[in-house]
Amino acid sequence: MESWRSAITEADGEQLRIRGEAVLRLMQDASFCDVVGLLLKGRLPDAAERRLLDTMLIAIADHGAGAPSAAAARVVATGNRQAPEAAIAAGILAIGDAHGGAGLACFGVIQESLERARREGRSLEEMAALVVDDARQTKTRLPGFGHRMYREDPRAVALLRLADELGKSQDGVTFVRAIERALARSTKPVPLNVDGAIAGVLFDLAYPALAAKLVFIIGRTAGLSAHVIEEYTRERPMRIRIPVTYDGPAPSPAE
Amino acid sequence: MESWRSAITEADGEQLRIRGEAVLRLMQDASFCDVVGLLLKGRLPDAAERRLLDTMLIAIADHGAGAPSAAAARVVATGNRQAPEAAIAAGILAIGDAHGGAGLACFGVIQESLERARREGRSLEEMAALVVDDARQTKTRLPGFGHRMYREDPRAVALLRLADELGKSQDGVTFVRAIERALARSTKPVPLNVDGAIAGVLFDLAYPALAAKLVFIIGRTAGLSAHVIEEYTRERPMRIRIPVTYDGPAPSPAE
Amino acid sequence: MESWRSAITEADGEQLRIRGEAVLRLMQDASFCDVVGLLLKGRLPDAAERRLLDTMLIAIADHGAGAPSAAAARVVATGNRQAPEAAIAAGILAIGDAHGGAGLACFGVIQESLERARREGRSLEEMAALVVDDARQTKTRLPGFGHRMYREDPRAVALLRLADELGKSQDGVTFVRAIERALARSTKPVPLNVDGAIAGVLFDLAYPALAAKLVFIIGRTAGLSAHVIEEYTRERPMRIRIPVTYDGPAPSPAE
Amino acid sequence: MESWRSAITEADGEQLRIRGEAVLRLMQDASFCDVVGLLLKGRLPDAAERRLLDTMLIAIADHGAGAPSAAAARVVATGNRQAPEAAIAAGILAIGDAHGGAGLACFGVIQESLERARREGRSLEEMAALVVDDARQTKTRLPGFGHRMYREDPRAVALLRLADELGKSQDGVTFVRAIERALARSTKPVPLNVDGAIAGVLFDLAYPALAAKLVFIIGRTAGLSAHVIEEYTRERPMRIRIPVTYDGPAPSPAE
């Protein structure tokens, strides 16, 4: 087998460098958040970018034991007391399209819409109205908008305000706000959620699209870790019993 | 990188053989259960062994949506509608030590106890009494015994009876029964469960210890598949809300 | 939390029934393959359907240690010697769109194309030509066709022939063959692979679309189990070293 | 189903607090590393603890594409292009006992040894010699010591030196160093590795034992994310082919 190529980390027993930066020096000078930026984007963030990245990671670090990712981790932990990595992995697997994954899809919407606006010479406001109309006609939900618990997601508001203050808001942030306004003009307002806000900010910080999901995963892994510790140390094995009502076929007559 | 070695499957674009058996021929002549035996033990099972293996796989194929493995799969499916493999994987991750994994530990107890009995010239009955005494004194649960829902696990009873009828019961089956009797003489009887019965039978069929867990995983993957189909086709995304009562620190005064 | 509903399994400590069939009776009379059919489709298969399902599960049970699913399982097993379920889960996670997941996408193509053919009054032959043209124009690969190792996938050929012999081939099988012929008329023939054949047959057997991926996962879990046993018992921990050539940024001048 | 209890996060649509701290305030004032500490230990870290936690997370953030966790993530990504969460989860599943999981076991050794030293009135130096003797006699490897690539793990050295400088080194750090010295007196010196150093420092910072593995998982999730981005954006699907040499049974004569 030929060797794999990688532009991320040099680790040959002599050197240990991430994107060209010596890990021993990063251990002295950098924050973990800096290294998340270095790994995902390829460069150490400046102070404003670091602040925004910290804010995003904190915003989604945990949302309680009832979120699907935490619930999945805890259900696995109830049956598997020897492998905390299994519980964390199960929690991450719940971060799909419907939970925590909207950022990735929203990033795609931003990317395609801004390209189309440029190509067709439309303003962002016009483009947002088009996107919202399309979604209404095809009866699809716009990813990054709406939340089952919030009418306004305070984390989204705070993140975008911070991006403004730090001078990092550009077309991505402008566009998600334009969509939110266009949605508010439709029959039932649907607020920007934290996933959509993260997508807008990461777009403006020139991160790759996948980062919109991976930042969620990195941040939430911290929360999942707390849930696994709590389940292992505070609850007994197999304590979780989901009540189920059977509504399938009656007993087979063959019996 | 040097190439890996493997004694399982030859697949080079010309040939496709598992343990030396042509897959095209197996596709015509064998049952899937035969191939499970071929893969796990290295030889095609005879008719009695096939019957026992089918019986084991069926016995643990599903135990309802509330079992930790099915619940984990469904919680993941509620958040992740695009990747059924993620839901199946999460279900399998719940098959740890406390749920479905007792077979592996029980197989180990059988193996060590029978070796010790031979070494020390003890009868299986004596040895079982010793094992039960040890467990009582160290207050550990014997793996493969007890079930949160059954006072007698009918699947275990049926499996061992079938092993008897087919002439395949040997020391493994004898020993798990001896433990069950020794437990019944103690204050609170704890019945052999299906995991323990599988361990006894697989031991007598000369399967490797790991098979006691892997047979559970293979069988249960069928059940998990049904749960993922049902969750995807019958329920809406994010329908699962686990109610949580917060009992942690009060709001920080710094606020 | 209200209780969940499920039409699959009744397991209340008194009764244990899958789709209305008593598990104790299935343990006596059925094969594991029967129960796979019962779980995925909701009814016990007849003899011909059972034979086809066995044949599919066997066809994809293993394809050697080098397939992504087996390789992922073995890489995880090299680092994790205490949790075989983690290695199996990792193997299943590799069964995505590019490996083993084509059946699900191909099932979708069959379903949509047959509906469209009916709606537009086209023959299956015409419809297949349209689908192939579309794929060529959009430069997309048709899922279920092509294999990195085979010019003709002998497993696909054998499975479809068996479906013919058993009188179970209908529009699904006819249509995947029509696509294969249409592809053969284009510049570079791309054969039907085993995933596409499974999709065609499962469509004709009236299985749900998801079954096209889940049958692959159930079958391959048997192969993954053999690889995990082999890795645990024959190789030492951490024996896998993937050679990597670093081609990223030069050492940072800041150093 | 009764509701679950949790002391981690209050998220009821009105309030969002982690361990009593308002998330909106943390988003403004804290670093992600602070929140990792808050989640794992239950209290915001002071400046020295934050520096140590950042240093640990950075030390294990990545070790190149060839480490089992990164390799597992990339092999899964080669077969699964639609679900980055699946690749991350597979990477985490490789963090078992043999790779990245030594910290948890080493934390256990520290905990038990210090308790025993106290009980038996032994010095840490004496106790370390006992532990090393025991390991030699039972031919077990001490977790947290030795590395397949390093004769001295520079990350371990740097982390412990920082703990000294910040005045946080206590019995945990003293004890892992005592073991390292005792090992150096034996025939073949085996250096403290980064997992062992993390265990020593987390013990002294009063983190729960599980944190020794979970800090590794949180940090490495950042590295795995970079590998998944690279695999998705730079390599084509199914590019990974592990070469395999079959050394199993010859073709069956039955054929």
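A, B, C and D are the chain letters, set down in written order, and residue numbers restart from 1 in every chain.
To be clear about the criterion, contacts are C-beta pairs under 8 Å (C-beta built on N, C-alpha and C of every residue); 3 or more make two chains touch, one makes a residue touch a chain.
None of these values were measured; they are calculated from a predicted model.
When the partners of chain C are compared with those of chain D, the chains appearing in both lists are A, B. If you match contact pairs by residue number, over half of those in C-D turn up again in just one of B-D, A-B or A-C, and that pair is A-B. Two copies of one sequence, chain A and chain C, touch each other mainly through matching residues, since over half of the numbers at the interface are common to both.
On a Cα centroid basis, the chain most remote from chain D in this structure is C.
With centres taken as mean Cα positions, chain C sits 29 Å from chain A.
Centroids built from CA atoms put chain C at 23 Å from chain B. Residue positions of chain B with contacts to 2 or more other chains are 1, 3-4, 6-10, 12, 64-66, 80, 82-83, 85-86, 89-90, 93, 95-96, 101, 240-244, 246. Chain contact topology: the protein chains form a complete graph, every chain touching every other one. Chain contact summary for the complex, chain C toward chain B: residues 1, 4, 6-13, 16, 18, 23-24, 26-28, 30-33, 35-36, 39-40, 53-55, 57-59, 61-67, 74, 83-86, 88-90, 92-93, 95-96, 101, 104, 149-150, 154-155, 158-159, 162, 208, 210-211, 213-214, 217-219, 221-223, 225-230, 232-234, 240-243.
Taken together, the chain D residues at the contact with chain C in this complex read 1, 3, 64-66, 68-69, 71-72, 75-76, 78-83, 86-87, 89-90, 93-101, 148, 237-238, 240-244, 246. Of all residues in chain D, only 1, 3-10, 12, 15, 17, 19-22, 25, 42, 80, 82-83, 85-86, 89, 93, 242-252, 254-255 touch chain B in the complex they form.
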